[in-house]
Amino acid sequence: MTKITFIGAGSLEFTSELMRDILTFPLLEDATISLMDIHAGRLEWAKKGVEKLIAAGKRPATVEATLDRAEALKNADVVLTTILAGNTEVWRHDIEIPKKYGVDINVGDTRGPSGIFRFLRTINPMMEIVEDMEKYCPKAVLLNYTNPMAMLCAALQRQTFIPVTGLCHSVQGTAAMLAKWIGAPFKEIDYLCAGINHQAWYLDYRWNGEDAYPLIYKAVTERPEIYNAEPVRNEMYLALGKYVTESSGHNSEYNPWFRKRPDLIEKYCTHGTNWNPGEYAYILKQYQHNEATWQEQVKERLEQPLTEQDLQRGNEYAAYIINALKGGEMFKFNGNVRNTQLITNLPEGACVEVPVVVDRAGFHPIHVGALPAECALLTQLSSGIEEMAITASLAGDPTMVYRAIAHDPLTAAVLSLAEIRQMTNELFAQHKDHLPQFKHHAV
Amino acid sequence: MTKITFIGAGSLEFTSELMRDILTFPLLEDATISLMDIHAGRLEWAKKGVEKLIAAGKRPATVEATLDRAEALKNADVVLTTILAGNTEVWRHDIEIPKKYGVDINVGDTRGPSGIFRFLRTINPMMEIVEDMEKYCPKAVLLNYTNPMAMLCAALQRQTFIPVTGLCHSVQGTAAMLAKWIGAPFKEIDYLCAGINHQAWYLDYRWNGEDAYPLIYKAVTERPEIYNAEPVRNEMYLALGKYVTESSGHNSEYNPWFRKRPDLIEKYCTHGTNWNPGEYAYILKQYQHNEATWQEQVKERLEQPLTEQDLQRGNEYAAYIINALKGGEMFKFNGNVRNTQLITNLPEGACVEVPVVVDRAGFHPIHVGALPAECALLTQLSSGIEEMAITASLAGDPTMVYRAIAHDPLTAAVLSLAEIRQMTNELFAQHKDHLPQFKHHAV
Amino acid sequence: MTKITFIGAGSLEFTSELMRDILTFPLLEDATISLMDIHAGRLEWAKKGVEKLIAAGKRPATVEATLDRAEALKNADVVLTTILAGNTEVWRHDIEIPKKYGVDINVGDTRGPSGIFRFLRTINPMMEIVEDMEKYCPKAVLLNYTNPMAMLCAALQRQTFIPVTGLCHSVQGTAAMLAKWIGAPFKEIDYLCAGINHQAWYLDYRWNGEDAYPLIYKAVTERPEIYNAEPVRNEMYLALGKYVTESSGHNSEYNPWFRKRPDLIEKYCTHGTNWNPGEYAYILKQYQHNEATWQEQVKERLEQPLTEQDLQRGNEYAAYIINALKGGEMFKFNGNVRNTQLITNLPEGACVEVPVVVDRAGFHPIHVGALPAECALLTQLSSGIEEMAITASLAGDPTMVYRAIAHDPLTAAVLSLAEIRQMTNELFAQHKDHLPQFKHHAV
Amino acid sequence: MTKITFIGAGSLEFTSELMRDILTFPLLEDATISLMDIHAGRLEWAKKGVEKLIAAGKRPATVEATLDRAEALKNADVVLTTILAGNTEVWRHDIEIPKKYGVDINVGDTRGPSGIFRFLRTINPMMEIVEDMEKYCPKAVLLNYTNPMAMLCAALQRQTFIPVTGLCHSVQGTAAMLAKWIGAPFKEIDYLCAGINHQAWYLDYRWNGEDAYPLIYKAVTERPEIYNAEPVRNEMYLALGKYVTESSGHNSEYNPWFRKRPDLIEKYCTHGTNWNPGEYAYILKQYQHNEATWQEQVKERLEQPLTEQDLQRGNEYAAYIINALKGGEMFKFNGNVRNTQLITNLPEGACVEVPVVVDRAGFHPIHVGALPAECALLTQLSSGIEEMAITASLAGDPTMVYRAIAHDPLTAAVLSLAEIRQMTNELFAQHKDHLPQFKHHAV
């Protein structure tokens, strides 16, 4: 029997979707689901949602909810983390302080000044979770969904013996989008995608074994509705020759080309027709908006009866992985794992996103080789900055945080070194209570 | 007896200075000096200058001048290159075209759009020289002073068996400047400097064996005249913690922090009190100015008698190296050589600037290890871009030139991808006659 | 529809077994099987065997037989090679010449003087096959069963764009033997096995997720019938701590510990109760014996009716791999592939035996890391010798063959350098007509 | 003023020779020489020898002698170690126990069972010396002459911040011998020598810039007196193509080719005409012989007056190194240093013997690249075994000692795994009082 623990179970939508998937695997239908959150109200809702799915699916699974992390972790086989370290009143400053200096952030959960400070705060509770796992379920694996993915996973992977794999939907999501663009049934598509989370590249994209990039090129250059769906990523593709994972708005934060001038934001980050074209503070505004209304929404959703459709397995990787770990069908996915010469031109020990095969014997990352230069230059810079931020956190050294931010391509395209120092100091001053690992909080 | 060949001997000042140094070494005093240039007038002046030095020094050396490269190279022991591929009417466009797009260049001979196009033109005659060396003096070594140093040397190093070492004065020059700032006699200073040409870092700087960085910090932060001498490099040092080689103006081109906004150019690149604080097109203007007057200047200089002082050995590396190669005293210098795991976090095969020991048995580069992250991030980006430009030239692929320029930190801080494409196309259109290695000239 | 080509189809047993497996996969039941051999008689028998299987299984597959390699390869999807370059009158000298010098060989198809000369002869027809594949079926993959596996695959892998994967039964066979020893159902066993062919090591061997090495230790040390089954490998395990693939007799050739003294051969290589304990010239004698009788045996076998049992899928990897390549279930196996940092302490580019996952997108080797020192030392030596033999063949340099053999641990434990030179020269003299790649045939 | 400390100063000949060299350097003539030994009698003699040299040379140097290591080390600039951990009654068993099993050792101080046990005992006092250096002279460098060189240096280099360089005379000695053989003045010779101590290879050997290997080949093959001078090394050269450092007798221990059969010992290791052709227990017998007579010999030597000749500088590296460290002429030598990708196909972190340049700024090892395969195979095996022995000592694990010895090529050419285990246990039983780092002393 399998015990699956959700830390941050109050991420209601995620918990429900994953639960739905789990129940579709015969090997897992009698699982014990343990839900944990620090927010009692959300936890209660999460439990109700899971119970409703179990009831609808008529499976023998059981669910328990607790505010006690140790209890939730005890003897778990798999642990999933979807935590948020601090509410919007805390993390709004990750977005708003850079904006004051002219650094215009869209999401701010991955890298750049916002992502780095989110990492510096979030690594503390994440490390506590992992330490508890070493005590209460030392044979379990951790599947992390918490952002910033690459920095958190890399920092954990170098401090624990617990296998940590980071998961994200951007790889399969983008692959499906491209398939739709060229009119290919997704099951006829094969791809090799590698890089780091949110900055991974389809090194190979094939339809029935044939290179499909010429079709993608045709779609992007000849069909305006496709160009307009993803202006940022399509521009990147036209320049660099390989398609990148993660949406246009989000990607516009990770490089120097799109958000440094208001006219470029207007041109590239405003009129995209897919979700999140690139508005300032897009996710922050959503969160702020939802804060007032989420209880109503959840209540309403829970009251609706579940249809057959609602019980169908989705595309999220986690349930497939758990099934494979328990002896079910071997599964290949893109996971965020420690770089052991898997991508030879990214730093050894960084967290890379590569194909991984999982079966009963565990996770087996696949060797990729060198990223081609046109993908490597930006990815090396991103990964190098992340490594510096991790070292900064482990060493408790604020100067290294400053240096990491000074190299962020968007920040560096907007500010001078002196201005970056000032911004870094303001971020430290704002967040200092959440950053106990630093010996001092000024550069 | 030693034969030393100068290709581009019309670089009159360099030829004279090196000749002066050569004559100070007993092992070299009977050398045959072979001067070659494609400009007969300049060649004539060069020969007169050398003859004057030989006469003044009363040495048995002989000098010959020829427009025929093969003749100059025949049986040479050492070849020095100080060529300029195209006059100011050609290379002014390297500076002026980017300026039209808002990319404000100070020197433009090293990297960025200007340096890359200079490389793409200059590699052709440089490769011809090396091919001639393989034929006419296959045991000779090449000491290259031509810019862009790192790209030219790396491109040559991967195509010939001739040992190619690039030389520059920035390492010893900066080291001497720092010594003066802290009041140390230069002979009491030891340093470890490594990176790539014009972006090498003093990883260690000691006065009588003690770390002298605290003294440098004090000088930069407490003495305004020192801060003002090198505003760009001092800002970089204060941010990154290590001092960089090459002057402030030149360095302001190699990163995103100083030249992207007019106010920053005004603040950091205008009032520096050392040579070349960072004015737009600084060297181009000098060249244009000199074109009218150089003949007069040279004539005047040749007419002046030489003093004892004029015959003293200088700090340029070349003569010391030649002396060591001929069995004289072993010599340690910073040379530009092929990276064979010398700097472990720069690309294998790139051209790196590291300590090299030379003796009769040849050049012996010294292992450095990994650059610290605060120096590595920018240097990796620069070196990666250079590698891409070299590959572009070897493959004759203009798209790769575009991608290289798209990653240039200053360009990327100013322009969008579409704007960079347009600028690249304009540079290709302007220079296409000098770029026979490319199959086509548009991206 | 899939075309599967057998080169060396006259390996009758292999061809039949694989054909049986192929027909069990619905995706492959309509395959075209193309059989090719240089021996018309054997080819005829092979075809009859395949026809009998198709008829018994009532599948739509078709079979064709040809002496023309080009025809057999045309448009193949998968090519299998099980060739023998020269009959026993040729290769008996691989065994008999070393024996004259005191080097006592058991099988002689893998490494050591016998394996190296077998490689030097066999690489020539293998390379011709691959060149034909480049012409007639450039999208096909090659599954090679021909020995010496590691040297042949490595030599091919560095000369062709055709994906070459070497296959062997030793990994799954040994894993099953160990499972039986400890009383574990094989389906409850997981293992990580890595190294080079016939010298790969179970780095991890688990029963239901728990380390099973303590049980293996108990079995080997407490149950004489188990110790006696595999004296050589059990001794190696007791000394080195990890179990090795390939049988005792064969393994006794690959190291210095068992065959250098008659008393040790008697003690360790004579009384083992599993197949091939280690008799001199074991396989050669079998072949010689079979030469008189094989036609009778085959005829007899073909006349017997097939039972249900005879149509059951076996454990050979090839059919599973072909099924996965055609879009069937993903499959994990131990394959012999080019070392791209997969095993970090074996030579880059050598042929290593590691876990490989195959699916429609191709072969995905899994990163292993460093072999532990106790397995690495011998494996590095074997692999280094193999690399030298490959280089010798590519360079046509007999001296390098001598140097490779001089380092073979068994040869070196018996002979002096001068004696090894003499033996190498005798082998060259005997085989020189089969070794056109060498400029001369004496050291 | 420089303080030079000799630990193990009772190595009288070494102390005298080095002292003589030191006094020839003006920079060092006022040095303080601190002599330390645990043997008061020898220390007294050593002091007298040094005083005699100072007096004869009329230099201002001073000498002090102490039994207190801390006092000797206090404020030292350079520390030299020439210790012997245990007298002949201890280490005779390193030689005599293997002999009982048929492993016939000539010197036994470098590798193989004898060298490994010498290492396991000697690392303990060596580590104590280094710990004292960290306390009493943390800026000093250690020049180690104690054997086994490679294992001791590697073990120290990974445990201390003190720069440790190992020194030996084999490289310059062999180079001079080869020069003599070909009739070349030594000052016209250049070479590149690299590998590990006593198993380093002249990758390049030139006379006036021209490859001199053809002359060496001629000498070895055409002049019997030269072949007979070094039968073992000449055979190795004729087989492998590169000349190896260290004498024939000693080298015959390090590989499987010469000492495994009595007839081969007779043929190759008995009649060589240079020092130490390869007799069993050669050095042990010398030591035993000298024990009775050394006091007489020393006394006699001290009574003889010093001639001008006796004050001439010799070829030992140490004094040149000390002079360079103090700001004198830069010096290039072959030193034993930590492998930081210097030899790319030997283990990272092993102790390799490569060219090193020393100047006031410290030791600068020179990048060599990959050893050619014909030199690499044996050297990799030796180095891998040494790494295993070091790990065994650090982990206190006797099993790893057994595994290291099981791979020793000479041992493995003579014994079975079971016999090696028995021999290892007997060595552990004999030496257990000197091996406190091991948790138990049986395998």
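Each chain carries a letter (A, B, C and D) given by its place in the written order, and its residues are counted from 1.
Quick note on the criterion: a contact is a pair of C-beta atoms (placed from the backbone, for glycine too) under 8 Å apart; a residue touches a chain by one contact, two chains touch by 3 or more.
Here the structure is a predicted model, which is why all the values come from computation and not from measurement.
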| item | value |
| --- | --- |
| Steps needed, at fewest, to go from chain B to chain C via touching chains | 2 |
| Selected interface, C-D versus A-C, where C-beta contact pairs are more numerous | C-D |
| Mean-CA-position distance for chain D and chain A (Å) | 56 |
| Rounded Å distance, chain C centre to chain D centre (Cα mean) | 44 |
| Set of all touching chain pairs, with the criterion as stated earlier | A-B, A-C, B-D, C-D |
| Chain A contact footprint on chain C (complex, rising order) | 190-192, 204, 206, 209, 329-330, 332, 340-342, 344, 355, 357, 359-361, 364-367, 369 |
| Chain C residues touching chain D - in the complex, by the definition given at the top | 235-236, 238-241, 255-258, 260, 264, 267-268, 345, 347, 373-374, 376-378, 380-381, 384-385, 387-388, 391, 399-400, 402-403, 406-407, 409, 412-418, 420-421 |
